[in-house]
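Two complexes, one shared chain (chain A), two partners (chain B, chain C).
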Partner chain A sequence: MADAFVIETSGLRKHYGPGGQIEALRGLDLHVPPGSIHGFLGRNGAGKTTAIKVLLGMARPTSGEARVFGLAAHVQDASVEIRRRTGFVSDDKDLYDYMTVAEMIRFTSPFFPRWRRDLEERYLRKFELPLDRKVKALSRGMRTKLALLLALCRGAELLILDEPTSGLDPAMTEEVLQALVAHVAGEEMTVFFSSHQIAEVEQIADRVTIIDRGRAVVTGALDDLKESFRRVQLVFEGDAPDATFRTPGVARVRRKGRVLSVLSSAGAEALVDEARRLNPLSVDVAPVTLKEIFLETVTVEE
Partner chain B sequence: MLFRTNPSSGVPIYLQLMEQVKHGIETGALRPGEQLPGIRPLAEELVINPNTVAKAYRELEHEGVIELRHGAGAFVSAAVRGKKGTDNLRAGQSIVAAAVEKLRGRGVTDEEIRRLFEAELAGLRTTGGHGG
Partner chain C sequence: MLWYKSWLETRWRFVIGLVLLMFSAASTVFTYPEVIKLISGMPNPDLSGALGRRVSETVALARDFRGYVWSQWFRQNLIQMWGIFAVLLGTGGLVSQASGGGAIFTLSLPASRNRLLGVRAATGLVEILVLAIVPPLLVPVFSTAIGESYAVSDALVHGACMFIAGTVFFSLAFLLSTVFSDVWRPALIVFCVAVAVGLSDLVLRDLPLVSVVRLMSGEAYFRTGTLPWPGLAASVVVSSALLYAASRNIARRDF
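Right, the complex of A and B next:
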């Protein structure tokens, strides 16, 4: 198995709880090629954190397989190797509250032989981190920046970030995103980050996977998704017919009064040809945003 | 030349960038031979993925709009669009401007106008007026 993918999972399942009745992952397939910023988008509780834990060998899959750098994540030795080559920022930013910023850096760096002193200095300046302040006295934004610095400086090939901007104000979010973009532009690396913020995924990701109830429902290059998803709206003289479409790629049909709205994941041409046979008054094609794709593909509880 | 991107639009960011470079050339904001910002500084400035900027530049090079000189950066092609093309475009611009103004005068929203243009370009005219 060549390193075609930095992260690859197939049929990943993870069940929790007594009797395993909580199904956090239900056959997750992931393919993350090197050099990408891969957004892992899903609602709260969709399985994002569980998937990340499995990738890092911090949770064992019930079945299926996860490989990072081609190494099997459930094998002890391999997972140590994976964690050595990966910068990870967890959702709760694992830091020691009793240490100062400087101590936290001095404590972390010796674990990583490829620690980048140059980047450490750059990000200390850029993030304006107060060296003498205790971690417990840091603001949420400062905590995030410190955790990010510790992950960025270890000379990792892969960065895994679990909701890196959660709880940050828009200015701080932009700063974190900018640091990520700048870092990726300067170093050969892959970023895999989970988020439920569609806007930030759209802004910096070039690939995206939407996870819903433990399964990938949409995945691909963001540009391709935007170019292939189309909404076709048909207006009829009377009530819209209860039509079904045979054209491949029809993801969703909504009927409301005289309007039939069809979401296609495979362009509009073939669908429009088929739709014309229904004799609509008008046919309208519109591009679809990632937000619409997200809302149309994830489950919404009634 | 100032670039702006709107990540939440349904239009891929690399296409937005390509359009802006072409538009900049058509309006004279970018001149033949002029250097474009580097991939990395532009990605950092716009806070977008560097791969996206690289893709836009690659496509523009493929279309002959810009030249990528190894190690030196991206430059507007010397042989970019002759004067005839520019004149055509300028004429087109005023036709579009007039049409947009007319439509706005009739109370059609910008979003509707955009969709009308898109539908027209995709060859999907309103099928109105059938007897049936």
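Right, the complex of A and C next:
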């Protein structure tokens, strides 16, 4: 694999449980270019956390390959090097309850030769973290801020955040996201963050991968996705026909009464031409939001 | 810093163990005048059966301070109490911390699993070594207060035997802690194994078996002045194998 991507996976599979019954990842292909803020969207249980654990060497892939900075994530020495160059915040903001904030910082910093004292001081002030308070006595929001501080000050080239705002109230979520955006604006780094909060992905990401049941179903630059995805709505005089479309890029077709709704990932022109042959009363083309793309690509049709 | 973390995680078990074992050393020495007063006019009881023979021997040994310290403390109280803390210090670690205990944060650090596990094992081994050496060294110190004497070399040899042989129980607890996600199951299993080993030593005393309990108490050294090198070497091999198995277990585990 070329080294053009900070994160690259191909055909990544991870099976858990007795006999590998649980398929957490089913051939995941990921490509995260350097310098991007890459949102990793998926429902709960879609495989986001498993993918992140494989990237950081916490879980071994069943098959396929995962590379970070061009290094194989499943090789122990390479994995140590990956973690040396990566800041990470886990979903549950898993820290040591028995340490104080100051001890957590004192413990973490020696592992990272490029630890940023200037950022440490800045974020201690900005987040108003009490140095002498034990982690177990911190609120959820404060824990998140401490976890973020410990990740941001590593002097990392890559930041991997697993649901960084989960469990936070809207004000705290906004504060964390603003801090993140401000940090990335000032540093040359790549951010890969998982979420099921579409609004926050739209707010800060420039690239998106949507994962569903262990596979990437949509991936690309956010602006490109918004540009290329279109909803074509056809209204018929009677019930909408049970039509199939040959135009490339048809992601989903829904029939409801007189309305046939088609989601295209490759623009609308060719699709509209094909749709007109069905003699609808009207044809409407509308842009779609990331939320609609997400819901259409991950929701199971009943 | 991993040493510091391991120390923070185990310090209370260690400190409580140290205080209790030191208290046990003091109480063993300072009750000797009472014991010798009680048994001085008593003939040696002639009892049958494994337990009876043990009681007879204990009374006979107690007539001499060195024999009393060995039979009451090194052979019984110390190895039992030390064994409990060796097992407790062997439990815990990455697997039990996997759910909300900081294991994911630890694994996100640029340190190999072998290093994480090695530091944890080394911290535990140093702690149980201190528990095996410091309390016995108090015996010669306290002995002078009651007008008796006890050789520092005897205290060191018995402590070393207990540490080398007893590390098998620490290592077993350490290995089981890489299998079970709580600290209680490994501890309970090793305690059951230790009790079974202790009982079999009592019942099968006449069989020429290498007993971990006898190795831990330094019985050969007490009776003959020689060290049981083959038994101690076997203990080191078994402990090393258990620790290696633990490292393999952690290396292939998903978190």
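Convention: the second predicted complex is superposed on the first by the 296 of 302 C-alpha atoms of A that agree within 3 Å, B and C clash if a C-alpha of one lies under 4 Å from a C-alpha of the other, contacts with A are read in each partner's own complex, and residues count from 1 in each chain.
Criterion: contacts are C-beta pairs under 8 Å (C-beta built on N, C-alpha and C of every residue); 3 or more make two chains touch, one makes a residue touch a chain.
Because the structure is predicted, anything quoted here is derived from the model rather than measured.
Look at A:112: by the touch rule set out above, it reaches chain C but stays clear of chain B. When the two structures are aligned on the shared chain, A:76 is found in touch with chain C, with no touch to chain B.
Looking at the superposed arrangement, the partner reaching more residues of chain A, out of chain B and chain C, is B.
In the superposed model, A:84 lies in contact with chain C only, and not with chain B.
When both complexes are overlaid on chain A, the residue A:272 reaches chain B alone and has no touch with chain C. Applying the stated contact rule after C-alpha superposition, one finds that A:56 touches chain C and leaves chain B untouched.
Look at A:97: by the touch rule set out above, it reaches chain C but stays clear of chain B.
By the touch criterion defined above, A:217 reaches neither chain B nor chain C. Across the complex, chain B is touched by residues 35-37, 174, 177-178, 181-182, 184-186, 198-199, 202-206, 222-223, 226-227, 229, 237, 268, 272, 276, 279-292 of chain A. Against chain C, in their complex, chain A makes its touches with residues 16, 53, 56-60, 76-77, 79-81, 83-84, 86, 88, 90, 92, 94-99, 103, 106-108, 110-112, 147. Those residues of chain B that touch chain A in the complex are listed here as 7-15, 39-40, 43-44, 47-52, 55, 115, 118-119, 122, 124, 126-128, 130, 132. Chain contact summary for the complex, chain C toward chain A: residues 1, 4-5, 8-9, 100-105, 107-114, 251-252, 254-255.
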